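After this come two complexes, each holding chain A, first together with chain B and then together with chain C.
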Partner chain A sequence: MNSTATFAEERNPTDWQGDVMQKRIRKRYAAERRFKALGLGAIILSAGFLAFLLIVMVGNGLRGFTQTELPVEIDFPAMTGGAAASQFEGANGQANLRTLGVQDIVNASVQIQYGEKGTELFSAGGWQAVSAAILTDPKIVETKTTLYLPVEAEIDVAYKSDGSASAEQKVTELDDKLSTGFNKNFLFNSDATDPMQVGIWGALKGSLITMFITLIIAFPIGVLSALYLEEYAPKNRFTDLIEVSINNLAAVPSIIFGLLGLAVFLNLFGLPRSAALVGGLTLALMTMPVIVISGRNAVKAVPPSIREAALGIGASQMQVVFHHVLPLALPGILTGTIIGMARALGETAPLLMIGMRAFIATPPSGIVEPATVLPVQIFLWSDEVNRGFVEKTSAAIIVLLLFLLTMNALAIYLRNRFETRW
Partner chain B sequence: MTGSILFLLIIVLGGISWFFGRVKASRFSITHTKRGAVHSLPNYHGWYVALWAVGPALLFLVVWNFASPALITDAALASPAAEQLPQDAFAKGSILAEARSIASGQQVRAFNPLSQSMVEPYKTAISYYQTLGAIAAILLAFAGGVYSWLRLKPELRARTKIERITMMALLLASLIATITTVGIFASLIFESARFFSMVSPIDFLFGTEWNPKAVAGPRGETGFGAIPLFWGTVFIGAIIAMIVAIPLGLMSAIYLTQYAAPRFRAWMKPILEVLAGVPTVVYGYFAALTVAPALRDFAVSIGISGASSESALAAGVVMGIMIIPFVSSMADDSIAAVPSAMRDGSLAMGATKSETIKKVLIPAALPGVVGGVLLAVSRAIGETMIVVMAAGLAANMTANPFSSVTTVTTQIVQLLTGDQEFDSPKTLAAFALGLVLFIVTLLLNLIALRVVKKYREAYE
Partner chain C sequence: MTELLDSTSSSESSTMTESSAPAISAGDGPLKMTTRNVDVFYGDKQAINDVSIDVTMDNVTAFIGPSGCGKSTFLRCLNRMNDTIPIAKVTGDITLEGEDIYAPKMDVVQLRARVGMVFQKPNPFPKSIYDNIAYGPRIHGLASTKEDLDNIVETSLQRAGLWGEVQDRLQDSGTALSGGQQQRLCIARAIAVDPEVILMDEPCSALDPIATAKIEELIHELRGKYAIVIVTHNMQQAARVSQRTAFFHLGTLVEYGVTSDIFTNPTEEKTRDYITGRYG
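Then we have the complex of A and B:
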């Protein structure tokens, strides 16, 4: 005690105002500012990556929703030999249209206007737009009509951005006639070999069916196991085993689930390859741990007083859980479920393993039919050589991101609206 | 199709039984007015009857589904058309399989004329056994419903029984996770064992040449040396991605927790988390379409040889961006867990904020940060789509980030999406790679959780 006091007396007080100390303080403050700027820089850089990614995707993708068109004047009365509009109305319309030979009519009209090689300017499936136009308004077959038909993919790319030299040249030749219109094909068609004819409907429907299967399997199992683990499970080795396996499953790489699906669902159970059923099952196994973990947190957040009150007025253990705890925990569980489902919706790798990468040109109409899903479709299109697919891929990405955004917004809304803090 | 109609029919029968059970039980409280004379509420009686109607019938259908193919085959073999079949068991089996798939509508045309002749017997057998099964299931549902309905009594302990069954359902549901884990492990081990019976594990784990396409016949296999894949995985996932993700993630977490105004934090945190929510296929496309060509042009312009349009750097950088939120949220948690007394003490001694962070908070939070990084690495090496789309297929052992390398996950996809013969070492190699990946990620996760847990205990 005594010695410390003498030590303090002997020591000169620090001269805080002196040059040396001031310089040192300035240095330390500069370091402080640098560090803070570094932190801000890290955040801005990370957010910048996100912004850049979105801008690139939206910039490329918006063009995918439009198509370049050329006007074609079709003299239906002359070409068809006087077909009546009534032929194409009602139930027999489709069949009559097939006998009409729309493709030949369109090709002939194109050759009249754009010369012998005129058909090369147009997308090979472009005549289907004429069929669709006749079915929606049969009256046009009795008149001379001008319809806008999609051009061939290279010219489409060249007109919207920059393409190959030969295509650019054609664009300059046709410049006053070319126009852009909304690409209906993209929303209502399925996969095709011609980028002008591809659409996402098939993949979207496949995704919806797969997600439905995932939901009806993963949700009940996830909720029931969350309830069991939180409300009933005795503390013993066995419960520990269940807990460890759930936590591990949540961290297993998704491709491993694909291997499991391949080995068990396809090879052992003999379920059909590439089917939405198998995809849904595989994704359900992947989503279930997410639901269990969020479900347990939601159940844990229900205060014990609620359970005790219910028990106090004579409810059984099961009634307490199913009549009181579960309804109160449901918003939290739903939030976790939506987040898990959003992850499953964006998942690609496990679905590639179970063969969902086939070329599927018709939308699936059942759970065992060959199907593809949106992320896999994006992957398949990204591999295509034709430049027309670049914008289609980005457009499909926009659709996928919109779905994910909606789901996450729904989850946030649910959390804010219904989650009670006790 | 008939299967789902039958299923719906049984469910409807269950609903009807529930209704009748409930109606009968709701009279009990009128006739038995003495307190405690009726054990359960009418609802429980309803469920009791419904479960008796649905349960046995569905159970029967499941058993029938497994048993009927053998019965159908027997019936088809007993038909006169079966006499022309060859004696050889293998040829017979393939004809029968073809006939069955035509009869059930999975296949349109037969390659073998003998199968065509077997289609009719198969069709009759299938429809016969399907009708039989359906009638039996419906009868069973009726019998179960009526039997249990007759047993309804005021003193029947319906609630206890229902609760016991619900309890079983809860337990079963929570077992699924364990079953899945066991299933993953068993299927990987089983298929890998078949692979290692063809290729020596030593060659696989320590060989340096990966070229499964060159493999010709059984035995004498070479080209299954996985070291280049392991190197590629580590190079992209654990080195390049982490060089991007650790500084950015850590500094973001520090800024958001220590410096940012609450409003800024409330906006930026969700925005950064969006990075983790973007599907990996989108990142892969971004890497392949935008990042990789830009990096290649850059490499060529500064004169690096061997620059490829599919580079380790492109895949690694984009993967690092994806990982940022993981690192940042783990760092966030562990910095927040440091007792504020330590921070306040440092500030009170006159240290600046950054000095406090660098010399007190980070060292104290280090185990948590390290745990978070390990989790991030385990996620990065298991990531598939980015590397499939941007990293390439050439199994190079190179430290040049501009050249193309390949990873474990890329090769799994590559091996399993080509031609599919399920017994070739090529296909089975994918499972061996999967096993290695599974074990490594499992170990990383266990270590990470252990590290984080141990550290948390130290401060509580």
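Then we have the complex of A and C:
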């Protein structure tokens, strides 16, 4: 009692309206405004970088989805000596088409219209578009048909943007005939030497298979490790050591995982080089620590009261883990998995180490077939001398980014579905 | 002492006045759980020192005492919840219906179904009200058909006095209920596995007075159906709901006896001081 009285006497009453106070308030507001401005600036800057990246990529890349074409009139009845449409229907269509000699027919037609050296204007594999056209609509072999075939890469580049002097000259000569069409090859083909014929499908399929293997290996092992370490393992020096090791593994440069994959999967187990299986396993090694760490954090964040509640009515440790802890931790685990998988999807270096840098002209049909993946394909194309590959590289990047976005969207959808409303 | 333990007919007050030393037993009615010379250590630190108490079927037993005196620790020995704390070590004898619950052959999972627990903070599962109650019966296989399970859910909620309030929204989340309703849901969840003993650790400390009154009323109704042990720091509550009271201080049992005696005529100086509010 006494002491509070003296205390009040000793102390001057605070002047909340005084100058010093007002100045303090103004300073506080100013600091607040500065912080807001800084934050906003940071956001605008990063949005700017992102927009720049997207504009450049999309601007360059979209051209990769188109091709420059020239019309070729083919007089099928005269050239084939009267082949019937029915020959190219059904099961024998392919075989009959091969005996027909489409390439010669196309070359002859081209030479008629564009002169002796006309074939040089066209992409070497362009005639395949005619085969495809016959297979989809056999009736055209009974008529005189005009088809649009892709031009040679130099001219393609010159028509779309700036090319070499000789190509530019040809473009001026042919200007009224040249047109732009959708490049189906790019979506359905695999790697090729001619940029007009390359496609992304092989690499996309390789990526899909590789990611699938990474997921089915890394996710269950990562989640089970996280659950075991958090819920079962005793806390001692040994488990501390394991924790430190896992944290370090997550920070190890990816190329080292590639060396590990090379040493273990190829040299020790003798698995085939360049296979999606080995790629998936290597990336799984890299992704697992990320899943374990995020999984442990998610498991830790489950309130202990829920565990007590379940134990208190006689749930076994395993029932507690699988009925209560895992469902509540799943959204967090999924977030970590997405981050890990996104990193794995964009990874190039470790895959180069296990031989996934080969020229793969056919899409892989299984997990042990030679395969390539999107980022490696991008890397390989970016290294090509032919200028036609520049826009293909950008286009492949767009495909990779779309893949990534789809994967993330799916994961966010899943996460929201499993999110518990408290 | 043995005579006291076994006495089932003698009146409460006569039993207690005869006893002089801190009583092991305030026995009346069939014994449900007995504890003898229980010590609990957290690492090197002793949290419970030589406590012996009997829990009877027909009485509500209250544990009172200042914060940190070991009430929760001792309560958690009764269904071996302390097993989940790696550094906790329990010695002494604790029996349920004469069976040693710390014996190697005792199944902890079953023990915790037989000795249910209600915690300080309401902790319903983030699931529907129905699933909150049905979870226990499901994992113990107590219901063979959907009707059985519906039945268990309904009777459990009825016993917990919650049925009227939630019967139309059994599929709503249990966490959407008010604090008091959540705590009654937790009691119903414990009842659903048909326990013999219900342990409550300060079940009202997070609740407002009206919700508290409802829980107290519920404890009255459940008395006799289950052996009930309640930890409380609220002495009025202990006086209102219990028939037996144990006063703990610094890990020791100071006094155990008939509630009315403890509150009106405590034998120990410390108990008197605590009850009259001189410390605590």
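Note that the second predicted complex is superposed on the first by the 356 of 422 C-alpha atoms of A that agree within 3 Å, B and C clash if a C-alpha of one lies under 4 Å from a C-alpha of the other, contacts with A are read in each partner's own complex, and residues count from 1 in each chain.
The rule is short, and it goes like this: a contact is a pair of C-beta atoms (placed from the backbone, for glycine too) under 8 Å apart; a residue touches a chain by one contact, two chains touch by 3 or more.
Computed from a predicted model, the values in this text were never measured in an experiment.
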Exercise for the section: Return first, second, both or neither, reflecting whether A:R357 touches chain B, chain C, both chains, or no partner chain. Expected result: first
Practice task
Mind working out whether A:R417 is in touch with chain B, chain C, both or neither, as first, second, both or neither?
Solution key: neither
Handout entry: Touched partner set for A:R237, first chain B, second chain C, both or neither
Key = neither
Exercise for the section: Could you tell me if A:L53 is touching chain B, chain C, both of them or neither one (first, second, both, neither)? Expected result: first
Practice task
Figure out whether A:L400 sits in contact with chain B (first) or chain C (second), or with both, or with neither.
Solution key: first
Handout entry: chain B versus chain C as contact partner of A:S316, first or second or both or neither
Key = both
Exercise for the section: Give the label of whichever partner, chain B or chain C, reaches more residues of chain A. Expected result: B
Practice task
Based on the superposed arrangement, let me know which partner A:A349 touches: chain B (first), chain C (second), both, or neither?
Solution key: first
Completion exercise
Note: overlapping chain A surface for chain B and chain C spans 316
Exercise for the section: Flag every residue of chain B that touches chain A in the complex, lowest number first. Expected result: 106, 159, 162-163, 166-167, 169-171, 173-178, 180-181, 183-184, 187-188, 190-191, 247-252, 254-256, 258-259, 268, 271-272, 274-275, 277-286, 288-290, 321, 324, 352-355, 357-358, 375, 378-379, 381-385, 388-389, 409, 412-413, 416-417, 422, 430-431, 434, 437-438, 441-442, 445, 449
Exercise for the section: Show which residues of chain A lie in contact with chain B when the two form their complex. Expected result: 28-29, 31-32, 35-36, 38-43, 45-47, 49-50, 53, 56-57, 60, 220-222, 224-225, 227-229, 232-233, 241-242, 245-249, 251-257, 259-260, 262-264, 267-268, 272, 285, 288-289, 292, 316-318, 322, 342-343, 345-349, 352-353, 357, 375-376, 378-379, 382, 390, 393-394, 397, 400-401, 404, 408
Handout entry: Complex contact set, residues of chain C against chain A
Key = 79, 81, 84, 86, 109-114, 116-119, 121, 123-126, 135-136, 139-140, 173, 175, 186, 189-190, 192-193
Fill in the blank from the handout: The residues of chain A that touch chain C in their complex are 234-235, 303, 305-316, 319, 323-324, 328, 420-422
